[in-house]
């Protein structure tokens, strides 16, 4: 695994937990973790449960002892590492967003296809049990023809102007802000649940243009009132919003913001069709709300489905705890890695793969283009 | 109508509104309002829409021009006025609780039955559309055998120890506190929704024993720090709680309190049966939540039914506004009076009548007895 | 009053109730109701509480006995009636949307200003107590600089393709569909709560293009399977969505749809600022949710404010019932008419007036233009 | 660790995860797991991550290589194993309820105190972050004098009469039903949050008296309609309810049921005091609702606190994921074991200990006595 911070911690946990709760088709050995700061890396290695550590990712992608490479680094390094890994025949799991731009993503997909390895983008929210159930209901026609996909991903972690200029706020490291970081999630879910986008029209906006510079650990280098204050320029969006049309005729409204006080990690999705509706909120991720027009008229209402039933009734959760004993954020990674490992062992494709990553990137880029031109852009 | 304060206002509104929204079988003339303070009464008469006012309720119950007497006075006067009214052949609508005790209630019922008039107790919550729907679902067997009736009526209007000693806090005027005022409501709903009580075991408790004396308008006569402070003794309960068993075997848990900060007028009811459950909250009174075990296992969940559908789908609301346009507290009185008027015109019985009032009083008294003896008491 | 259907019923109720609950500065006499179908009109007159009825609105606007004209007719007649009324010196309350287009709205405003009468648009949602509280909190700076105004008005009353072609689905009668009918409401609230729009970019969409023709009462003229089936063309939008920028820099996202199964009359509004957030849902209209960043960090959370406190703490509701006894849809009209009557008596301006109506119309038209051109349009 | 089923799985996960997320003061070695069925045990050993397995718990409690014994077996074996373990100088973590009765619990406490080991009862819900926050708020006086503790633990896993007669439904194995299994939880939380019980009055009830016999794995031995049907008698309660008084004067209302359709693992707790209120629901366990009377009157409301803030703001969660990334059921065990391990290493006491277990057992037994006598019983 390359990377050891937030996503490194979440992925490592998933690598450890997957075999404890899911009947995997192969054995997981957590061989090597890779990072650039040797001290922090050694500490992470021990804490996260890896056998070895190295500071050069090339070592890792070239090691004959390694079958799978998991990339959790900042976005600007995804393409280089992933391409090298697949060229070395490794199966690759890559964090989202796949790349800085469409061109990189195309190169990654081409390399992976050529190498005939298993490739996956870690859009872990596709494996929230409630989301899988949503897809099942839609596939079964429970919503009829889809009219609306409306989603919002809202956070508030940078609402304080004193929050420092971490890598996620620098375009050269991250590619974009809320757009690629969180709008990418609800955009991927749109494609998973509704279908492909046809055209989009949107805007990107930055409200806070300058922030204190940060040290390597993400702390502000200087405090208010101290001279000289070291400030840097925010080069990504705080907010990304767009309207869109799907190829199947449905309408889209997506919004991502990091400036919504009180919304910590809220993903609200509402889907309306000719026969029913669905509603999901990630802060209450064990539930799915479902309305259908077909039932007796006096008792119609959104059903508050607690998606924790056992015995295969609800996806994934039967491997965890009894009904009503909820799971959390990290479990979505465990589900992702369990499916990925099984796919690698069997040499079968798994979704979302690099093709999905590329398609997502195309939509992201179309929105960026629209934000510049002020016009609708075909995807 | 006798009485012109809170309940007088709510009843007057209902008398005015009923013919505007419901197809009544008779014509309503708002003839006379009665109260003891002539000045306040005249102002209330004009404001509330009555043609005449009088200060002696005997005048009203004896008037040949009046068919219906509506009693909204404090509880200590219900029995005397109601008995005089029915003896004069008036149909009577009486506020709850029916009387100060079982003996009074028995006398009222006997008098009404002898007079062969229409008699009703204004348990207006029986005519909340969601509650009527709940009863329908239970009657249709949607819940199967009932196991649990659990209800709580919680308010906070006297949580401030400086709130003055109004008549509702004096046993000689009100009979009891939270017990007869609000536990009476959820007790009546228990009988409406589940059935008759068999035995009860409960407690009454007063946390705040002394309060500032109040003037006629309900304001404190003296302020903290002023000398001499005029305080009086609270002679009723702040809290009333009891466990019970219904004749059909279901279990009951009822609680009423005026000391729950943040709960303004919250009535929470949950009913569980062998096949399903219902949940209702009066602060969100246009909704009923319904769970049934029979539907497809992957999509079971409490349905959040917005009880505002037209065309007879949901009770009463078709006479008001389109779906989703909610109604409020006062509408329950309009429904009650619409049904009462139609019953009077047709000379038919209507529920809850004085017999219900008496049965409720018997349960209230059994709880009081249990609170004293510390034992279970048969109803 | 001109018009006697849905809005006629709501307005009549408000004219009757306002003097019962609010201390008005003048006396209301419900003089004449006007409509075209004499039979239906007479029945409405009696039911709704008007003294006289007439079938020619010119009679009404010219009568010297009438001071106020209230217009609740379909949108294509607003301009003609309103202009005639103000020219005759009447104060005018006009239903929303103000007119079929900007040109009509301009003529109405000019006439009203010239006549120096009191003029008001019945955007009754401005007088929901929770909305007034929202404005107060924003005015006091509790949200800091506003970043986001996000609103959705969702209904489902035409999701059934068999629902007939009523006047609201015909462009020549209504001007537009969800756009002018319900997007107009959340657009007006945007201006009330946040400020003026600078530019917009949006789309209008019709999913169901053909519906059964309706009779005068709004029932389908023919049933499925019957020959010959009489179908007509839907000439308005089912859905209206737009992104926008306010003059103060805030971002807007508004969506209105009549095709959201299970959403009966849902208006969801979320406003985020640098210091806090607000959330409102009209199906739960007695509540406002409020988050502020300033309080102790361990106990921050959206406050669920039940906007029913007495004694002037919360707007309007002190005139109704005790805390926790909720009010409903119709009360917003009572508040509107109480304020309008007081303004007429005192000859003072009241908001939202025809100027607001015109500004709303300008935004609506800018969105329509954007929907055609596929570009951002300055308001 | 003794036991390897549901609780064995939850505890094993906690032993594995605690050192990954929490800075423990000692090193955890997962030495031996113990159970009676050798085949199932070996499979559990590998799956759950233990080094060795044995079928005789005496081997384990006597092993010099083991410092800590964790008991997750059915309730009838707790006392014997725990006493042997502490007598061998092991620190003991024991699942709840502590024992079959007060007598056993007393013996366990005496043995543990004599052995001077660290002892803990696994009431894991005390370490839900929202519950710890609740206690903090109460300790700080945010609620003032406590008036009400009202809790309900509701499940529905045995609502189907075909659900088989597992050990939890047999009095000789479990001691009691909903009473000791789940009422024990909310009773322990009552003591944690409010204080000691003074007296109680309650009932136990069994609605379904006979169920199909189960095999060792908990499956029914025979199906409906098959002859001969093997049925067995349910010897425990389905429902346990009681009213109570705390020593500090607060009132209690506790209810536990396994017959509430749609309530999967719902723990609802409401606490009201003279200055504020708290509300918690375990199905939404990352949140705590808090009302305080002290804040500005126009913006009072229950705060919906998402208890996931980092940096020590909220307990425990800083070790997991960023704000808004929720945790689940199993995390409460990780917190418990992290605290227990640190206490063992430092030789310090930790709560809830065997003394708490005994006190809980005394309350449970007092309720049982009251259920038999129909009277209030002093604890």
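Labels for the chains are A, B, C and D, by order of writing; each one numbers its residues from 1.
We take it that a contact is a pair of C-beta atoms (placed from the backbone, for glycine too) under 8 Å apart; a residue touches a chain by one contact, two chains touch by 3 or more.
As the structure is a computational prediction, the values presented were derived from the model and not from experiment.
The set of chains touching chain C and also touching chain D is given as A, B. Of all chains, the one whose mean C-alpha position sits at the greatest distance from that of chain C is D.
Rounded to a whole number, the gap between the C-alpha centres of chain B and chain D is 40 angstrom.
Taking each chain's centre as the mean of its C-alpha atoms, chain A lies 35 Å from chain D.
Among the residues of chain B, those in touch with two or more other chains are 263, 300-302, 306.
Of all residues in chain A, only 133, 136-137, 142, 287-290, 297-306, 309, 313-314 touch chain B in the complex they form. Interface residues of chain C, counted against chain A in their complex, comprise 145, 147-148, 150, 152, 154, 159-160, 201-203, 205, 207, 239, 241-243, 249, 251, 253, 255, 257, 259-263, 270, 272-277, 291-293, 300-302, 374-376. Interface of chain D with chain A (complex): residues 6, 10, 13, 16, 20, 47-49, 155, 157, 263-266, 283-286, 306, 308, 320-331.
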